[in-house]
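Each structure below is given as structure tokens.
In what comes next, chain A is part of two complexes: it sits with chain B in the first one and with chain C in the second one.
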Partner chain A sequence: MNAREQLLLELADDELILGWRNSEWTGIAPFLEEDVAFSSIAQNEIGHARALYDLVGAALGTDADALAFDRSPTEYRCAPLVQLRLVPDWARTIARHVLYETADAIRIERLKGHEDAELAGVAAKIEREELYHRLHAEMWLERLAGEERYAAAAEELWPFALGVLAPELRPVLAERVGRPEVEAVERSEPGEEFAALWEEMTMVRRSAPVGAQW
Partner chain B sequence: MVTEAAVWDALAQIPDPEIPVISLVDLGVVKSVAVEAERVRIEFTPTFMGCPALDAMRSQMEAAVTALGGEPEVDVLLDDSWSTDRITPTGREKLREAGFAPPAPRAEGATTLLQLQKAVHRCPYCGSAETRLENIFGPTPCRSLRYCTSCKQPFEQFKTI
Partner chain C sequence: MIWEVFRQERKGQPFTHGGSFHAPDKAFADAYAREFYARRQESVALWVVPRDAIHAIEEFPDEFDLKYRRVDGYSIKARLKEARERAGTAAT
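Take a look at the complex of A and B:
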């Protein structure tokens, strides 16, 4: 796997797993509008993951479903931030949402200018949809910014947020968020919290015979 | 012999799977049609990437070409060539008649939260500009929810992307 595939796979895994985590609010969000919002955001993120897996799949001779569901849990490259199971904690969920969307915007902006036209094109399309995620996050940040629980959650998740980005992009995130750069929680082999998600996420795929048509 | 005009006509008969008042051509997802003998190549530029209707659109386009006696080849474009500005004037009017407020035109620079809350969005039922944002997200990724304080009607607003 070359650097381009590695980069795309990290991004795709982040979007898939965050989409999965966001979808855990479906049906149980604090009120109906947020139920709809988190479900919609989840759907978008998983759509982005599919497009990115398609690109990697074309290069590796496989497809999006195989990359999303057929790898072993230790092969995923998602950032520790997106792996955290945060239901039913709304303050931590919003803190992750704000931090992730801010970090994601930085790398997508960078990718839009990539010399690889295919990659730049996907990034430009993703960016159009992500804008609405950021506006939603911004709205919640305005509401919760002065709350103690929110402040504690943002403080706790900050080192995780830095770990979403490559080291050279971290100063940009620190500036946008207005926090000093600290030691990041880096990507590493996923642990038990992720393994439980993986069990659930791949259950249907594993229970169906290879080549099943739906 | 399949002609490009016949393919465009056939695609204009396919309703959007989620909002059947508008056709795929009016939605602007067909970027180009090229015919070479029996081979019909369609460039399909999808709306939202996570839209579950994309696979249905694709297979319906293939079926329409096959029905004309052509061999379909649908290329899915993974770039930002689709935007809500591609929805045709006819398509926008059909959306409005069905109670979906058509998307505002894309503006220079990224939309801000303030614009989303304060910009004029007319109610598709009574035409009033006295409407407010209820939720950035709605029943599908492409829609927001607004409320008309004049006729007391909630309605779905197409997001501008």
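Take a look at the complex of A and C:
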């Protein structure tokens, strides 16, 4: 796997797992309207993962479903930030949402200028949808910014947020968020919390006979 | 706070009432309206209005039963048929 595929896989895994974690709010969000909106954002993230897996899949001679569901839990490259199970803590969920969208915007902006036209095109498409995710995150930020619980959550998750980006992009994130650069929680082999998510996420796929058509 | 949504399916068509939802302010209303009424490109434009801003009129008194002011009291079917026959343009 080359650097481009590695980068795409990290990005795709981030989007898939965050989409999955956000979808855990479906049916239990603080109020009905937010339930629908947040579930819809979760679906968008999974759609972005699909587009990115398609790109990697074409390069690796496999497909999006195989990349999303057929790897072992330790092969996933998602950042620790997206792996955290935050239900039923809405303050931490919104803190992650705000931090992730801010970090994601920085790397997507970079990818839009990538020399690989196909990758740059996918990045541009993703950016158009992420704009609405950011607006959604910002309106919640405005609402919760003065709350103690939110402040504590943002403080706690900040080192995780830095770990989403490559080291050279971290100063940009620190500047946008207005926080000092601290030691980041780096990507590493996923742990227990992720294994439980993986069990559930791949359950149906694993239960079906190999080569099943859906 | 309740917001009413009017949506336009295609350019040039009238806006029709789509439904309503709760949102604490205009920013949330904007986000939710997009998610609920335009996510699948089912609308080309939306009007999102606080319900309080709508002046509703529901009472239309007709104390003296002035039916003759309305057209629905007259059945013109028979008379139209007669007239057509006279004019020789009756539908066959």
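One rule holds for everything that comes next: the second predicted complex is superposed on the first by the 214 of 214 C-alpha atoms of A that agree within 3 Å, B and C clash if a C-alpha of one lies under 4 Å from a C-alpha of the other, contacts with A are read in each partner's own complex, and residues count from 1 in each chain.
Note that in this section a residue touches a chain if its C-beta (ideal position, glycine included) is under 8 Å from a C-beta of that chain, and two chains touch if they have at least 3 such contacts.
Computed from a prediction, not measured in an experiment: that's the story for all the values here.
Once the complexes are laid over each other on chain A, chain B and chain C cannot both fit and instead clash. Once the two complexes are overlaid on the shared chain, A:125 sits against chain B while remaining clear of chain C. Look at A:36: by the touch rule set out above, it reaches both chain B and chain C.
Counting the residues of chain A that each partner touches, chain B and chain C differ, and the larger count belongs to B.
Touch criterion not met for A:147: it reaches neither chain B nor chain C. Looking at the shared chain after the overlay, A:199 reaches neither chain B nor chain C. Looking at the shared chain after the overlay, A:50 reaches chain B, while chain C stays out of its contact range. Once the two complexes are laid over each other on the shared chain, residue contacts for A:186 go to neither chain B nor chain C. Once chain A of one complex is fitted onto chain A of the other, the partner contacts of A:109 are absent, as it touches neither chain B nor chain C. Residues common to the contacts of chain A with chain B and with chain C across the two structures: 33, 36-37, 40, 132, 135-136, 139. Partner chain A is touched in their complex by these residues of chain B: 48-51, 77-80, 82-83, 110-113, 116, 134-141, 145, 159, 161. Residues 33, 36-37, 39-41, 43-48, 50-51, 54-55, 118, 121-122, 124-129, 131-132, 135-136, 138-139 of chain A touch chain B in their complex.
Within the complex, the chain A residues that touch chain C are 31-33, 36-37, 40, 132, 135-136, 139, 142-143.
Interface residues of chain C, counted against chain A in their complex, comprise 21-25, 27-28, 30-32, 34-36, 39.
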